[in-house]
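Next come two complexes built around subunit A: one with subunit B, the other with subunit C.
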Partner chain A sequence: MSYYFAIIGTQDNPLFEYEFGTSKQGGDGQSRFSDQARHLNQFILHSSLDIVEEVQWTSNQLYLKAIDKFFNNYISCFITGGNVKLLLLHQPLNPGGAGGGTTRNSTSIGANPTSPQTEEAIKNFFTEVYENYVKAIMSPFHKANMEIKSPVFRARVAAAGRKYL
Partner chain B sequence: MRSPPLTAMNGQAAASPKKAGNLVDQVEKVVDRHLSYAEDAYMGITSPTTPARHGLDTDATSVYYALYLRRLLSGIPLSCHESFAHPVACVMAISSRNPSPIEALRRLYTETTQGENRLPVWVDGEYLRYYVLVHDEERSDITKSLALFDQMKRHFGLHCHLLRIRSSETAETDDDSQQLPRSDWMTPAEEIADIERSDRDEDFEDPTRYIFGSDATAIRTFVREMVTQSIIPTMERNVSVWNDQVASRRRGLSGRFMSLSKRFTFGGSSRSSTGARATGSTNYEALGFYRPDTPEAIMRRLADFAFMLRDWKLAMSTYDLLRSDFQSDKAWKYHAAANEMAAFALLIMPQNMSSKTRIETINQMLEQAFYSYHIRCTSVYGAVRCTVLALELLRLRGGSGIDEAVRWGIRLLETGLLGRVGDALLKERMAICYASKSGAGSQAWGSRRRKSALWSVLGAETWIAQAKYIQAQKCLNEARKMYSLLPGECGVQNFGIASDFLAHLNEQLREGLRIEIPTRGDESGDVDENGEPELLVDEESETLDRRRSRRTSLIVPGAGGGGAALETAPLTPLVPARLSSVEDEGEVTSPSKDGFG
Partner chain C sequence: MAHMGATGKTGSKEPGLRYPANGKTIFHRPLNRSKTSELSQASFAYLFSEMVSYAQKRVTGIADLEKRLNLQGHPIGLKLLDLLLIREPLRSQSRPLNIIALLHFIKGNLWTHLFGRQADRLEKSSNPDTPDEYMIIDNEPLVNAYVSVPKEMSQLNCAAFVAGIVEGVCDGAAFPARVTAHTVGGKEEGEMWPGKTVFLVKFQPEVLEREALIGKS
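Entry: the complex of A and B
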């Protein structure tokens, strides 16, 4: 299970990007994206903004759950009050995912990207990151749509990732 | 609708010596040849700075995708589980100089019912025979021909025609000559054969042929008369007869009861013991097909005819009946085809599709069709045809149909059934699919511009990996255009790796379009699959200003014709449209050799 997390500003500009792997089930927290997939991840995330723009009006929640799927990549979204989107791309390890999963896999968060457990875990992750994000942009030096470079924020996102995903 | 059956049978005859199962590969090969040809032509005639493509036209299909679809559909194999390639009529022609005309016609008739040129047993032999007397205006006597024609009418009834044409050859310089058009519906096998022939012949002669205008008119009249006065009325009559005698009985209460009792009373034993099968619990024989006189086969024909005559409602209801029958008989190929056609009929039907249930029904049918074709029958052709057509029809529905269409496209890409050309074309098509979804409001919420651009980029990547730079350029331009339409006017620029990748693609494209010419011959072969052509020359001065390049490509004047002028000229000699009699073999005896397998 690999994750690619990005905060997208109002002008389709990434404010923050972070790539990590699962820490559950003995995962080492490293992402397993191939080199070709790196640019693809960004493209996919960017293209999901289309779906976000459509789905954001249909729900009164900030957390929009898994909104999009591109081959084996699932995208979950959390939208903030300032039209900044928190997007998480997650890629289950076994492609296809239909059957063949061992008991260990089937209970893990990653195996079934649309299961309620996974959604709950991602929601927790988003909520924690969102709180940290709000605190980060409270900095008097921060302007709207400015990239977040704070190492403290990065460490906190990493911690949230370790904790929930 | 395919009027005379002969094209299908010709295609079958040409395909049968080779492996019949690789129809998709053949289509692939044909389109690939055309693409390479365009690439070569471009390298030869224009300078690399000029090509600019016209905008993304969401209504017109791209030339090559259209060609791909066309070739895919023109090669429908003669098979037992659908009757689209079965003959609806057969033209038997004799010339006015035939010494024993009536006997010749009789012999032609018997050849279609028995002997070597007979169709396989699962084809219904009761199709229309149309008798044509070809009169030579220059060397025969018209009074004699008229007398003979009268005699023909007495012997064979109304389905006769007297075709008056000239026998001398036409040259381009003649007054009344016009170019003989090339058949749009050649099967891939035929076209490959043509291309290979023209490649082999060193002394290349002009393949275009000419025909007298008066002859062309005569032939057109003949075809129109045959279709409107003979073929369609016959089909309509068949539809109503079959509907009355077979389908309505099956639709009625007793028919339902019969099929139920069939399923439950004998259902348990029918598959295991041959005795039960012989007593008629199932018409799906051990051979793996239904005989043409069984109700299932007749209903399938009824549905197909209704579909061809555009009675979608009747077609749909009949396919729907058949679906369950075939499923309980475990006739999977039939089952797949019936599901496929039921979904298509539902999609083509003009009325409401707004309700979600309809989309779900259609999806379910397509799902079953795809599964039966792909997994149960491993029929690549069936699976590809089903998905590609579903994609097109869903796209036309608009709205959420477009998302569904792309979902099916992705499904097809995932299975890897297509070759690399089909792959790239499909990606291009998905971009167009998404582009045709319009949003609401000034921000166009609900449109899919970013998605469209993503697929364009993917398409470009695939094309570059195959050294098809013209197509790649087209895709990249579309992507740029889509990104520039976004509210922020910036595409993936702010994403570091993605924009680097785009720049990299652009650079490869420049290299490809500029210095590709000498290595053309062996290029397409040795480019590796992950999109890294070997020729990367470092050019510092060429670093791309993305924003500017987008601007320029958008406002290139006079670019409108650029795309249309793409070389699709026939690379091969023309083949005159075939209207010969059933002299070709259409002999496929076992259903497994039909190209679906």
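Entry: the complex of A and C
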């Protein structure tokens, strides 16, 4: 299971990006994207912004769940009050394995990207990142749509990824 | 500069990044503040008087001065929007999707956070030509408590700063608007609220267009 996480500003500009792998079921926290997929990830993620803009007016929740799918890549979205989007691309290990997997696999996070367990885990991840994002914008030197470069913030996102995904 | 060379030798991982002496950054502090913690009004009034005189430097007119006060408030509004949302209990966290929800958020949450009470009234323009105008009414704006406007500048209302905060919240929530502050309190004797201020919120046409579309579906 590999993840690509990005924060997109109100002008559709990336503010932060981070790539990691699962730490559950003995994962080592490293992503397993191929070199070609790594470049595609950014395209897939940004192309889902159109769908975000449709979905965001139908629900007043912050967490919009999985909104888009491109082959075996699923996009989950969390939108902040200030219309900044937190997007997570997740790629289950075995393509199409959600149906054919054993019962043990189907309940694990990631094997089935639309299961309630996965949704809940991603929600917890987003909530923790959102809290740290708000702390980042509380800095008096932070202006709207500014890139977040703080290494402390990066470490916090990595920790949230290890904890929940 | 000699100082930096010395720290470089001890092997700091991030060149140029400096931590406070106790090692605690903004990320180590909690976002929730106890409900009772309030700031001194005297120190705010002192700061605000400096902000007004700073904005007053090299301005050509009152409109220009109000514009500058507005600009000082705008980034505060953008940030407060997210801060107030995250301070809500987890279950009731919701983004405002229509104008009414947004204005209620401003009248309730924002005003309570800033001034310790709700705004006094919320009104929609009764003029059919301007359906995009809404009014937030404050009988006695806190920022104007110690401001006495000279006669020759009677047009000025320093609550333009608060209008800027409101504008920031509206812009942040994707309801682009122009917000201005106007004094409406009567000057005659016996007027109950001489400092009564109306915050006129004028939304951009695309907001009303979207509002109509959402209402239909």
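Definition applied: the second predicted complex is superposed on the first by the 159 of 165 C-alpha atoms of A that agree within 3 Å, B and C clash if a C-alpha of one lies under 4 Å from a C-alpha of the other, contacts with A are read in each partner's own complex, and residues count from 1 in each chain.
Note that a residue touches a chain if its C-beta (ideal position, glycine included) is under 8 Å from a C-beta of that chain, and two chains touch if they have at least 3 such contacts.
Everything numeric in this text was worked out from a predicted model, so none of it was measured.
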item	value
Clash-or-fit label for the pair subunit B, subunit C on subunit A	fit
Partner chain in contact with A:143 - subunit B first, subunit C second, else both or neither	second
Subunit B versus subunit C as contact partner of A:125, first or second or both or neither	neither
Which superposed partner A:164 touches (first subunit B, second subunit C, both, neither)	neither
Contacts of A:57 with subunit B and subunit C, given as first, second, both or neither	both
Winner by number of subunit A residues touched, once subunit B and subunit C are compared	C
Which superposed partner A:71 touches (first subunit B, second subunit C, both, neither)	first
Which of subunit B and subunit C A:12 touches, first, second, both or neither	first
Partner chain(s) touched by A:43 [first = subunit B, second = subunit C, both, neither]	first
Overlay on chain A, subunit C to subunit B nearest C-alpha distance, Å	6
Subunit B/subunit C common contact set on subunit A	10, 57
Interfacial residue positions of subunit A with respect to subunit C in the complex	10, 56-57, 60-62, 79-83, 127, 130-139, 143-144, 150-153, 156
Residues on subunit B engaged by subunit A in the complex (per definition of touch)	410, 413-414, 443, 445-451, 453-454, 457, 486, 488, 490-492, 494-498, 500-501, 530
Residues of subunit A touching subunit B in the complex	10-14, 36, 38-39, 42-44, 46-51, 53-54, 57, 70-71
Subunit A contact footprint on subunit C (complex, rising order)	13-14, 17, 25-27, 29, 31, 75, 78-79, 81-86, 90, 93-97, 101, 172-174, 210, 214
